[in-house]
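First up is the structure itself, then whatever we jot down about it.
Think of it as A, B and C in the order they're written, each chain with its own count starting at 1.
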Amino acid sequence: MSLLSLRRVTKSFGGLTAVHSVSFEVDSGTIVGLIGPNGAGKTTVFNLITGIYRPDQGEILFNNTSLLRLPTHRIIALGIGRTFQTIRLFQNLTVLENVLAGCHCRMRCGAVSAMLGLARHRKEEKKAIEQAMNALAFVGLEKSALQQAKNLSYGNQRLLEVARALATEPKLLILDEPAGGMNEQETAALIDLIRKIQEQGVTVLLIEHDMNLVMRVCEKIVVLEYGSKIAEGSPPEIKANPRVIEAYLGTEED
Amino acid sequence: MEEFFQQLTNGLAVGGIYALIALGYTMVYGVLKLINFAHGDLFTIGSYLGLTLLTSLFLSDRLGPGAGIVVLALMVMGLVALVGALLERVAYRPLRHSPRLSAVVSALGASIFFSNTLMLIYGARFQVYPQGILPKTAIDLFGLYVPLVRVLILGASVVMMIALYAFIQKTKIGTAIRAAAIDQDAARLMGIDVNRVILMVFLIGPALGGAAGLMVGLHYGQINFTMGWVYGLKAFTAAILGGIGNIPGAMVGGILLGVIEALGAAYLSIAWKDAIAFGVLIFILIVRPTGLLGERVAEKV
Amino acid sequence: MTEKRFLVYGGVAALLAVCPLFLNAYWTDVLNSIGLYAALGLSLNLIVGHAGLFNLGHAAFYAVGAYTAAILNTKFHIPILALMPLCGLTAGLFALLIARPIIHLRGDYLCIVTIGVGEIVRIALINNVFGITGGANGIFGIARPSLMGWVIRRPQEFFYLIWAFVALTVFLFHRLENSRFGRALNYLREDETAAEGSGIDTAHYKLMAFVLGAAWAGMVGNIYAAKMTIIAPESFSFWESVVMFTLIILGGSGSIPGVLLGAFLIVGLPEVFRGFTNARMMVFGAAMIAMMIFRTGGILPARPRRYELLKEEAAEEST
């Protein structure tokens, strides 16, 4: 059954239509890739799903709940975790604190119980730190927990973004170019990580330029060009699709 | 009706002063996306420099009142422009690649520094401009008698605004300023020396602000070291009202705010005069943060 | 490390506690001023230092607390210290009302609007709004405070009241810093979009930073009214807000020891070097510029929080 579904979603900025009547479904438990040439509207689709932009038309359903009127943090709390294309970590805070940001929406204690030092506050903190450390261990960063985020290497910063998103306990994880800036070795490790995330029962939707990665991990691929969907199917189908080949050969020379 | 027109002309004159100061805010914001909090204090420096030059050089005795005032104004504008360029070099340039709010703190620090330096030099009390520099006559405008000072202030500010507009639209460096305001990186790639543009902006804005400071001294006759932030805040309101970053907007916003304030003070309550301008500021920022002539810009995520 | 911090705090507290025994009334009063500014600085630090929201109108909230105390004490003879929670409440509610429509504004715009709000409040007080603020002369005849029948009158007595409040503030705010709430404020300071995208209700936390900071300033306003027995609009001018803001930036924004040090520097130093009194704001203005260029975090910058990790290797790795 479908976990996320976009129905004829349209968004324009000024006179420019960034996303034009795009529909697709993400089935529970699968890994879906969203690809397309630069400027095809992929990141805009992600920002529409997570409520950073509002669609002009169309409907976005998650677990049969409409996301259109919900603020971003509520959408995250419903079970959609995301990473950003341009790394957006809390650079001056520690790696652990970055992941604790993800735990935030699963915690309940407020200012008063913190100031009074209530037992339930201490218990919740302890549990959150434990969960955050687990998320860090999952991506292999537990040893850097107390470093400042800005001191991590580029590839590790991407992994930290994944850990932070996983700490929100998502049903659907949205990754925006997770392999961007990674070397071959790191990308290979990332492929394993994405599969491991799937094994935990988390559905994955990802944007990626690295075709090798996309073809290897995705079960379904959606292709955008100039804001419209031009193809959808399994990796072999996409590879053979003449419109996709044209779109890529037409824009990417190298 | 007589009362209304007197308030209107008063509002137009004060509005001209606001507009001149607002231009400094809006030009700096256009190029650097920085609110130059110290700009109001550059204006105050202008009025104090005007006072010092006036009482020490006796320009109007030597050159006659008309030429004396013009030379005085040019000297004040030049000196304040130098202070402005120095401010940019010392307080803002080292922070150009720092987080935005660092520059805001630096600007606040510069504002505190300038106003308190003026207090140390001139004292905390109001300083009084000498009387009789401009003849205390009123001129006949369609049967209404309007004080000469008001007419001169409005006239001078309009002339300066037209000159600035022509400079920005017609000259090469003016085009460079406009280009840098739209996209600094692209401007740099097109071979525009962005540092020079920023320097120009920090010469022109403070020069206009300094001229406004001199006008306030001549108009009201007394000045104080803390007046910069009230005028600054009002001029900033004017810049927001017209759409920040927009040069004609600052002119329209300034004149409009002067008139709103004068009429509000006359017909609503004189005691709440300052609150009116701040009320307009808050109202505009809540309802239409892009101002009257500004355009909405989507923020990239 | 934690023991060392405990020792430093304990040492400073013990030193302060015996000060009134050696100092005359004048110098004790200087320490009282420092204490009031320290408490105000700590309250503003939640907004400016932790949440990164530039507020240059904090004196307005301070004023709401002070006037609440003064009006209710002089009109209904309610003991002033008993009004402290109510002063916090009115200042907090006022902040909620004011901040709600403007909280989405970007950093520098928000800063400008808070200046405007602060001025409007001061003008309203001068104009005797609702006929209860006493106009430009303010309110006088506020009854001396008393604690359990003991009337607080001398500077030495106020010293213990004020610094006990500061100590309580430090204790509570230290806990707040090291909590989900405190971290949420830091997330939105660092990157609002990322915070929202990590599931944090940024609008809510911005508002709460304002409300809590304002409520605390309101309670300090209560103490101020009790100490002065007379309050006037001029005590809540723009420059008061500037002093509070400056002491945070210079001392160390987001850092409790930094704010305390800032209060000592900005309020105490000019008293020690008397010739410096007039020049102090000039020097501090220049220091703010230098600080932004050379040492953004202030003299005593905020240090990373400490966490007790279950895995020991991680703790070793960080050192």
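General observations
Note that a contact is a pair of C-beta atoms (placed from the backbone, for glycine too) under 8 Å apart; a residue touches a chain by one contact, two chains touch by 3 or more.
All values reported here derive from a predicted model rather than from experimental measurement.
The chain with its Cα centre farthest from the Cα centre of chain C is A. Centrality annotation: C (chain centre taken as mean Cα position, compared with the mean over all protein Cα atoms).
With centres taken as mean Cα positions, chain B sits 48 Å from chain A. Taking each chain's centre as the average of its CA atoms, chain A and chain C sit 40 Å apart.
If each chain is reduced to the centroid of its CA atoms, chain B and chain C end up 33 Å from each other.
Annotation for chain A: residues touching 2 or more other chains are 52, 84. Looking at chain C, one finds that residues 193 touch two or more other chains. Annotation for chain B: residues touching 2 or more other chains are 301. Contacts from chain B toward chain C in the complex involve residues 34-35, 90-91, 94-95, 98, 100-106, 108-117, 119-120, 229, 233, 236, 269, 271-272, 274-275, 278-279, 281-282, 285-286, 289, 301. Interface residues of chain C facing chain A in the complex, by the touch rule stated above, are 172-173, 175-176, 178-184, 186-187, 190-191, 193-203, 208, 212, 304-305, 307-311, 313-315, 317-318. The residues of chain C lying in touch with chain B in their complex are 52, 54, 56, 101-102, 105, 107-109, 111-113, 115-117, 119-120, 123-124, 126-127, 193, 238, 242, 245-246, 249, 278-279, 281-282, 284-289, 291-293, 296. Put simply, chain A touches chain C in their complex at residues 50, 52, 71-73, 76-77, 82, 84, 88-94, 96-97, 100-102, 104-105, 107, 109-111, 114-115, 117, 121, 124-125, 128-130, 133, 142-148, 164-165, 168.
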